[in-house]
Each structure stands twice: as C-alpha cells, then as structure tokens.
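Going in written order, the chains are labelled A, B, C and D, and every chain counts its residues from 1.
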Amino acid sequence: MTSFLYANAFLIITLVKIVLMLVILLTVNAYLTWFERKLVAHIQSRWGPHRVGPHGLLQPLADGAKFLLKEDPTPAGVDRFVYFLAPLLSLGLAMTSIAIIPFGPDPLPWLILGQKVYLGIADLNIGILGLFAITALGVYGIALAGWSSNSKYPLMGGLRSSAQMISYELAMTMSVVGVLLTAGSFSLRDIIDAQKNAHGIFGWQGIFSWSIFAGPLPQILGFFCFYVAAIAETNRAPFDLPEAESELVAGFHTEYASFKFAMFFIAEYTSMITVSCLCSILFFGGWLSPFPPSWTFTFYLPSLILIPSGLWVIWDGLRYETIWGRLILPGIGAALVAIGAALILLPALNNFIQGPFWLLSKIFVFLFVYVWMRGTLPRFRYDQLMSFGWKLLLPVSLVNVVLTAGAILWRGY
Amino acid sequence: MNAPLLVFFVLAALAVGGAVNLILQKHPIHSALSLIVVMVSLAGLYLLMGAEFVAAVQIIVYGGAIMVLFVFVIMLLNAGIEEHTNFSKLAGFAGIPLALAVTGFIAAAVARSNDAVLSVSQTGAVAPTKELSTLLFREFVYPFELTSFLILIAILGAIVLAQREHS
Amino acid sequence: MPTPMLDYLWIIPLLPLLGSATNGLLGGKWPKNIVNLVAVGSTGLSFACALEAVREFFGKGQGLVHKEFFDWIVAGNFRAGFDLQMDQLTVVMLLVVTGVGWLIHIYSMGYMAHEGGYYRFFSYLNLFMFFMLILILGANYVLLFVGWEGVGLCSYLLIGFYFLRKSAADAGKKAFIVNRIGDFGFMLGMFLLFRAFHTLDFQAIFTSPTLQGWPVELSGHLGTLTFACLLLFMGACGKSAQLPLYVWLPDAMEGPTPVSALIHAATMVTAGVYVVARSHILFTHAPTAMLVVAIVGCATAFFAATIGLVQTDIKKVLAYSTVSQLGYMFLACGVGAFSAGIFHLMTHAFFKALLFLAAGSVIHAMGGEQDMRHMGGLSKRIKWTYRTMLTATLAIAGIPPLAGFFSKDSILLSAFQSENGGANVGRVLYGFGLLTALLTAFYMFRLIFLTFFGEQRYDEHHVHVHESPWTMLGPLVILAVLSVIGGWLAAPSFFGGSDLFANFLAPVFGGAESAGTEAAARALEIPMAVVAVVTALIGIFVAFWLYLRQPGKPEALAKSMHGVYTTLLNKYYVDELYAAVVVQPLVWLSTNVLWKVADVGAIDGAVNGIASGATAIGDASRHTQSGNTRSYAVWVVVGAIVVIAVIFFWPTTTAKPVIGMVR
Amino acid sequence: MIPTSYYLVLSAILFGLGVVAFIFKRNVITIFMSIELMLNAVNLAFVAFSRALGQLDGQVFVLFVIVVAAAEAAVGLGIVILIARNRQSLNVERVDLLKL
C-alpha cells in the first residue's frame, strides 16, 4: 500500500493539491462575494448583508443553498449541448488558470511521501503563456452561452463579450511583454526571482526592486495597461457590458438560472482572483516582502497583524447584538490570536509563511481595488469601450514594449 | 505501453474524433467546437513533443483568436443548419475516394520511405523558447517582417470587405 | 592637376540626353519657355562642360585621353566598352558640335516659336546632340556606330518633323533608307576590321603591331585594309551624301531650317569625314582606297556644284553646295591632307550653318517662301540677315581673308601636290576642284543677287517682310564673326609661318600628312592662292553680270542650252534612275512575294490558325467550369494527388526519403 | 518512445479528414474550418520533423503558418460576411454565378 503511494507520490500529491485548491477557491469565492457586497454597501453608505450570521458572515452559505435549491428551467429551443457546455467551460477554465500560479517560494517545511511539496499545482516553464492560453479560451464560455440561449439579449451579450475579450486580450498580452523582457523567462517563479535580484531605484532593496518600480524601465505603463485590460477580460465594472443590466437585462447569462448561473458567477470571481495574482506576481514582486531582507523583525508582521485584529474581533464580538454573534465572533478572534501566537512560537513555520503572506496580502489589495472600482466608476458605452481598447491601451502597451526593449539595450541588461 | 504513448494515443484519438465530428455535425457552431477540440489536442501533442511555445501559440492564436473569430461570425450571421444541397455530382461520387487517395498516398509515402528520421522517437529536452526566438529574429527576420505586412494588409482587406457601404 | 571634367567625360553627352528625355516625356504639358530652358540649358551646359574639358585637356598636355566607363558588350575576347576618348581631332569636333549646336538651339527658339510640336522638336534636337557627341567621343567603332545610327534616327525624325506633309515623310524615309545602304557597308567594314585585328578599339587597332607590320597595299592591289576602308567609306558616303548616295540630302531640306543647318550642314553630314579622318592610319595603308575617296569626293563636289547652278529653291541650292563642300573635304582626305579636310569641316560648319540660318531668316521674313524667283531686293528690308549671309557667301566663295579661303586653298594645294596614283591624277583633281570653286562662287552669288538685289518679285500685300527676332540674329552674328576669323589659324602659312591648325592636329595625323615637301609648298602657296581667288572673282562677276546687269540673259541661256539645262534642273535624272533600277524591282518583289505569299499566307495563316485553335480548345474545355465550388474543390484535390504522386511515386530504384522531399 | 512516423500518419489522417470536409461541407464557414484543419495537420508534421531532426526551423515555419492562417481567416471571413449579405445564403452551391 505505502509502496504504491510512494511509487505514484507525484500523481497523488497533485490530486490532493487540486482538491484542496478547489475547496479553498470555492470558499474564498463565496466570501469574496460577501466582501464585495459589504464593501460596495459601505461605499454606498449602506449596511450590506448583516442578517444571516453576525455581520452577515453566513450570507455566502445562504446564497449557495439558494443557488442549489432553486428551480433550473431550460428555455425552449436552446442548443442543449452547448447550453450545458458553456458554464462548464467558463468555470473549468477559470479554475484551471489558478493551477499555474505558485503561492510560495519554498516547499513545505516537511516532506510528504518523501517529496518536496511546493505551494501551487503546476509550475510550467511557459507559465504565463499557458495562463494566457487558458484565459484566451475563456471567451468561449460566454460567447457560446450567449449564442446557445437562443434569445436576443444573451446573443447581444455574447457578441459584445467575445468582441471585447478579443480586443483586450491583445492589450493585456502586449503589456506583459515588458516584464517578460526584463525577466527573460515565461516562468512565474523566474519572474519573481528576477524581481528579487533586480536592484531598484537608489539600489534599495524591497519594494523598490519590484518590476513596477525597478528593472531597466519601471513597468508603470505596463501595469496600467495590464490591470485595465485584465478587468475588461474579466467583464467586471466598468467594463461589464456583456451583462449590462440597463440594456441587456443580464447579458449572456440571462437565460441561465440557479446552479448554471452560479457557475458563471464563480468563474467570474475566480478569474478576478487569477488577475490579482498575476498583477502582484508580474509587477509587485509576488511573494517578495516590501522591506529589505535585512529587516528581519518584519518577519513578525503577520503576527502583529493577526493578534490585534483577533483581539479586536473578540472585543467587538462581546458587544454584538445577537447571541450567535456573541458566541461566534470571539471564537474567530481567538482563532486568529492563536494563529498569530503560533507563528511567533514556530520560527520555521513563520519563515515559511512569509512568502504566501505577502502574496496573499497583495492579492487582497487588488481584489479590494476591483470592488472599489465597481463601487465607484460608471459603465463605459460600447463604442467608448472599443476605442479605448484599440486606440489607447494597445498603442500604450506597444510603446511600453518598445521603450522597455530600448532601455534594456541602453542599460545593457 | 508507457505513459507518453498513452497520452499520445488519447490526444490523437481526440484529434481524429474532433475532425470526424467536424464533418458529421450539421451546425457550423458544432463544427467549430469540434475543430477547437482538434486544435487543443494538437497543442497537447506539441507539449508532448516539447514544443511548448508553439503549443501556447497554437492555443492563443488558433483557439483564442481565429476560432473565436469563426464563432463570432457564425453568431453574427446567425448561420443555421447547413442545407444539404447536392448540385455537384462530381463531389458526390469522387469525394470519398479522393480523400482516401490523399491520405493513403501520404501514409504510403511515410511507410515506404526508408528514412532513419522516421524511427527517431520523440524524446529529449523541451525546445528552448530563447533559441526559437533567436532563430526567428536572426535567420527568419525578413519573412517575419513580411508576415507583419501580410497581417496589416489582411486587416485592411477585412475592414474594407466587411464595412457596409453607407451612401 | 585635377581634371574633373575629363574624369567625368560622360557628362557632356549625358546632359543633352537628359534634356531630351525631360522634354520628350514631360514637355508636352509645359509652356514654351520652360521647354526652351531645358533644351537650350542642357546643350549650353554641355558646351560649357566641353570647354572645361578642352581646357583641362590642354592643361594636361598633348596626347590622348582615354577613359573606360563601363563594359557594354563583352563576348569572349571581344570587348566593346562605353569608352570615351579625347584627342585634338575630338577637340575640334567637340567644340564645333556643341558650340554650333548650341547656337542653333538658340536660333530655333525664335524660328520654331510659331510651330506645333515645339517640345517634340527640341527633344529630337537634344537627342541628336547626344548621339553626335557619342559619335565623336566614342573610343571604338562600335560606340561610334551607335552614335552613327542614332544621328541617322534623329535626322529621320527631324526631316519628317512635319509628318503630316507627305513630301516630308517621304524625304525622311528616303534619308533613312539611303543611309541604311551606307551603314550596311560600314558594318561590313567593322566586321572586316574585327576579323583582321580582333578588336574594334581605335587605339588598339591603330597601335597594333599587326597594323605596324602591315604592308602598304599598293595601288591596284586589293587587300583586307583596302576593302575595309572602302566599306567604311561606303558608310561615309551614305552619311556624308557623296556619290552615289547623295540623293537624300537635297530632299532632307523638307525639315525645319535649323535642322538643315545643324544636321545637314554643320555636324551630322560631316560624320563621314570624321570617320575617314579618324581611321586615317588605315587609309594611309590603303592608297587605292584613298584614291577612290579622292576621286569620289572630287566628282561629288563638281557634280553637285553643277546641279546647284540651276536650282531655284534657296535651301536646295544650299543643300547642293553642302554636298559639294563635303566633296571637298573627302577630296582633302583622299589626297592625304586630313588636317585640311578637318579644317574645311570646321570652317564649313561655321559658314554653312550661317548660310542655312540666314536662309531660314529670309524664309521667316518671306513668310515661308523658299523660291528665289519670288524674292529679290531684300537687302534693304532685312539688313542683318543680308550682311551675315553676304559674309558667309564670301567665305564659301573663298575670298580672303575669310575662313573658306584658307581651308579651300589648303585643300586645293594638297590636291595639286598629291602623287597618289600618279602625279597627273593630282593635277586632274586640282583642276576639277578649281572648276568647282568657280561654280561655287557663281551659284552662291546667284543666290545672293536673286534674293537680296534686283526688283522685288513678291507681292507686298501678301508677304510683309520683317527682320527676325534677336534670338535668331544673335547666332547669325556670332557665326558670321566665326566664319570671318575661323580661317586665320592657317593664315601664318602664307607669311612664312606654319599652319597652326595643321600643327595642332599634327599629334593625331602625324606622319599621315603627305602635304608634299615644305619647300615646294612654300613655292606654290602664293600662286595657288592667287589663282583660286581669281577663279572665285570670275565666278562672282559672271553671276553679277548675268543676274544684275542683264536679267533676261539666264532664260536665254537656258533656252539655248535646253538639254543641259533640263538635265541639270532634273539633277541628272538620278532619282528617276534609282527609282527604275532599284526601287521598282524591290516594290514588285515585296508586293508579290513577301506580302501576298509570305505575310498573308504563312505568317497570318499561322497566327490565325493558332487563334482559332485556342478558341476551339477553350470552347471544348469551358464545360468544366460548372460554377460549383465543390466541384472545383474536387479538381484541386485531384491536382494535389497528382503532385504527391509525382513527388513520391515517380518510378525510381530506391524509395525516396520523406525528409529529402520535405527539405 | 513515440516514433515520428506515428505523428506523420496522424497528420496524414487529419489532412485527409480535412480534405473530406473540404469537399463535403456546403457551408462556406465550415469549408474554411476544414482548410484550417488541413493547416493544422501540416503544422503537426512540421513540429514532428523539427523535433526529429533536432532543429527548430520547423517550429518557426509553424509560427508562420499560424500567422498566415490568421490573415486568411480575417480576409476570408470578411468575404463570407459579404456573401451572406449579398446572397442571403452561406451554401457554396448557391453561389454559382460563374457558369457557362
């Protein structure tokens, strides 16, 4: 038995990783919706969900249940196969794209089945290209959904989204080229390492060596183009024309209900996460700490954040209206404090945690910006969208490529 | 029956199946989807051969751009089931034999050729993208530039063709 | 010392070519002044370049400048390069061509002002300049021949300039065809030379040991060189209108007068003389050929002069005088006085161009009237034209101290002294030359008197006589000056000095000059001159007496000597003769054999047959065009299969490797 | 492991299927797709050879083929749109004005 395990350790570990990743991803997605609703609500000075569970913390569960239990009608005259294929495609591709992202520099502190286990499922050495390949296929889900619903609003939505995605894919790919030129590799790991070694402005380490600030040419333009194009790729506000309620009801997924709709929903949030990952990895040094490596005390930053917030949660929980809140919130707080304490007590674990900690916090920041934008910006008009993509983003990203190449030649990287 | 061979056969079966399905399907969208399947599985084969960059480009350009364009056009024209006219007698009776002849000829050429290369097994390190790019931008730089012109002209042509002449 | 112009000698011919191209291609749209600017500018520039080149040439010291610019024909060991060369002879020709050519361009601006096809005219004229310059600068017979044919073409184009007038078109054709006959000979001559020397480069031939060791082919003995020279001379006869190929030149007067001046008096027609002078070394090796040249020249001179006596068309008279003057030049070459020939060529270029231009001015004044019988008494009305033309006439008549006197005198002298073919031959030649001089003086002054003196025989109301613009008169004056002073180069030889011109050309002709012994020359010089002048005066007096004193006389004479008169009037019926002997048979042959049988039967038959065959095949095969795309697809596939089959399954012993095919 | 000839035969089969589609499909767009299919088959052969010969030229050619295919698709689909617009049909057999 064990011999079998050891023989196919790689396969088994990978499978386990995949399952774990799925679970985590789904949870995160769920709570991302909660986070978004809360945040948008506060931006619009509302309370947002606060009925189900303390601070509406159980709202995602409620939503999930609703998605599962609602009636799932299939409109007449749809192309059944494609109609069912479309959501699967979107979700599947969105999920797959996460698999390429590495979440930490070092393997786990302990061996499993005699193997070093890295955070992250597959580490292709054409990583970023593979990612783009997958996102490139992502358009089918939406387009086909729009077409197969055999109804005019979805068709419109589908057409729009496929046009939009093709247009912005170009800009997105182009804007990354600068970083690739600097790093000289497609592999995400190599890209991050290149940023670690790059000496930044004034030769400072840490934040100033990230490729947005450092490198032959700071990739500010590149980042701008990439982020905007990526938002458009994920059909998020202010580029969410495919599902523009005011004109297309719900765009491509008008005809989808309950769980199939949920799939699109999850796919969208997953791709949001992917994009955030990419932004932080390509431009913000991935898991690199913003402080110079010499500042060892920053290793305790996770704990310093966890413990006070845990304490705050406890304190807040004790003053909560409902009995449930007064029971659950302190529990969470206690858990946070415990983790913080554990990090202080186990230096090995603490060292291991640094990379993921920084990466995750960066991802969180970008997700925040996502929601922030949605809460703030109005939606583009379609022609504005197109002209923006073709006449501004693409040229700018091309300029960025040229400048970077020139800088590399000039500064002899 | 080792793993790569297994993978090869799976992908090959996928490709062939997709191609057959392309022929059998009546609706262009379905044909397009099956073609996408073919392309993706070909990309898989490229990966198997270690041609990672080509595989990626295959998916990005073919799958992500060209086929999207096809689907887009199908959606735009709202193309329905293709009507089964049979005006061309010639195609009717000569089609299958001809296709068989092409396949047979090529296969036979492969079979009866005594070239050592044919028996070379596809193994070894992955094709380094750096070398590929070096080749592309050193030896093949003129063709490369020419293709850029080609693309430009194609874009213009597409625009000119597709725009409605508004009087 | 740097010699930029010599290093870039090709610029001199290139400029007119550019001008020609510019005018010919774009000039149609342009206003006249721009066309003028281009044409006159280009020729003027090339004249300036020529002057600069000559200056550098002298600065460089005597001797030959030979530049190879690029290979043109290279076949085996034969090389005909675009090589230009420059020696004293070239200098003379170059200055004459560019200078006179330029003046005539200026003149043409005025003369052609009211003509159609203005730009066309100037384009042709520039093109002619280009080819003429190639002709005189070329360093081998092939390049020379290019220029030779080129000027022929231009003269054709310009004679037929008024191509709507049938006579003009015919004259053009005539000139062209007659020239072809000569060129045929010229080509044969070249082939012969190539066979003998395995090269056609001037220097290579003239300095080749083959030629040095060549035995002089004595009179009566016909060797390769003799034949080659005779053939070359045949070409020269064609181009320079000598017997028996002179017939085209008088008709060439159909062209515009500046053309007659430039091409048919000053430059092109002298090409023959130039060729003979250029290949003087060959000729000196072939006395027989020289004798022929001399005789033909002399005969032509006399013959043309006699015809000139009775012509009434002012330009025709000049044409025949040109022919006879050319005869003089050949006479000079024939008796071995090449420098004298070239000298006469130069002076003749001056005064004959002047004569033509003045005649053009007269015609201009008379509103297109060319018949002298309808002129008269113009001397008061158009003074400048009169004065210049009188100068030229005196010059051609050989009155000292004008140019014509010196050149003609030296020719006669050398003719008198030549021992080639026995002393008597020289005497006879001299006699005819003298007689010709007399006739020349006579008909030229006949022209003057008929045109400018006596009572006016034209109608005031129809033609209002007016002097020409200064664009026309300027060149006249300049040429007049030249034809006065042009001869003084040779003057010192009379006052015990030496002939500067001959000395100047000496490096080229060197020993070839068989101008007798200096002492004998000295002794003869003065008497000869006196005789010649007296002859000329007699001629002038006769003309004066006949045409001013007793205007009735000429008709009476014509009556009395009716036969002679009509014969002369009809130019000895040469044209008719040619028509009967050559033209008619040719026409018959081409009509009945070439046209009716060969062309209609064979060629057209073949063409039509092919066409109808194609139609039939197309009609048969058009049924494959079903218009059905899928069928086309099938055909494509069939083609693909055939290709594959051919590539892979072509029967060979061993199976082909796939890669071999793929690579 | 996997002999090159496998790849070649596979590409031959795909090409043949492409030919079949090329002849038997009536829809212009589908015919285009069959052409793309044939191109893909050729690409496969290219990569296989480049791999077997250990030189990358084949892969470069593949890139060129892909570019050309993209251009062809752009123009071709433009033409298709025109056809659909003018003849209200995508059936190639209905586009047969070029008759005797």
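Points to keep in mind about this one:
Here is the rule we use: contacts are C-beta pairs under 8 Å (C-beta built on N, C-alpha and C of every residue); 3 or more make two chains touch, one makes a residue touch a chain.
All figures in this text were calculated on a predicted structure; none of them were measured in a lab.
Of the two chain pairs examined here, A-B and C-D, it is A-B that is joined by more C-beta pairs in contact.
Computed from the mean C-alpha positions, the centre of chain A lies at a distance of 32 Å from the centre of chain B.
Once the centre of each chain is set as its mean CA position, chain A and chain C turn out to be 93 Å apart. Between the CA-based centres of chain C and chain D the separation comes to 70 Å, rounded to the whole angstrom.
Per-chain Cα centroids separate chain B from chain D by 6 Å.
Residue positions of chain A with contacts to 2 or more other chains are absent. Residue positions 8, 19, 23-24, 26, 49, 53, 93, 96 of chain D each touch two or more of the other chains. Shared interface positions of chain C, defined as residues touching 2 or more other chains, are 626, 628-630, 633-634, 637, 658-659. Annotation, chain-chain contacts: A-B, B-C, B-D, C-D (touch as defined at the top). For chain D in complex with chain B, the touching residues are 1-10, 12-21, 23-27, 29-30, 32-34, 36-37, 40, 43-44, 47-54, 56-57, 59-60, 62-64, 66-75, 77-82, 84, 90-91, 93-94, 96.
Interface residues of chain D facing chain C in the complex, by the touch rule stated above, are 8, 19, 22-24, 26, 31, 49, 53, 92-93, 95-100. Those residues of chain C lying in contact with chain B across their complex are 626, 628-631, 633-634, 637-638, 640-641, 644-645, 648-649, 654-661.
Residues 87-88, 90-91, 94-95, 98-99, 101-102, 105-106, 108-110, 112-115, 117-118 of chain B are the ones touching chain C in the complex. In the complex of the two chains, the chain B residues touching chain A come out as 27, 29-30, 33, 36, 40, 43, 52-53, 55-57, 59-60, 63-65, 68-69, 71-72, 74-76, 126, 129-130.
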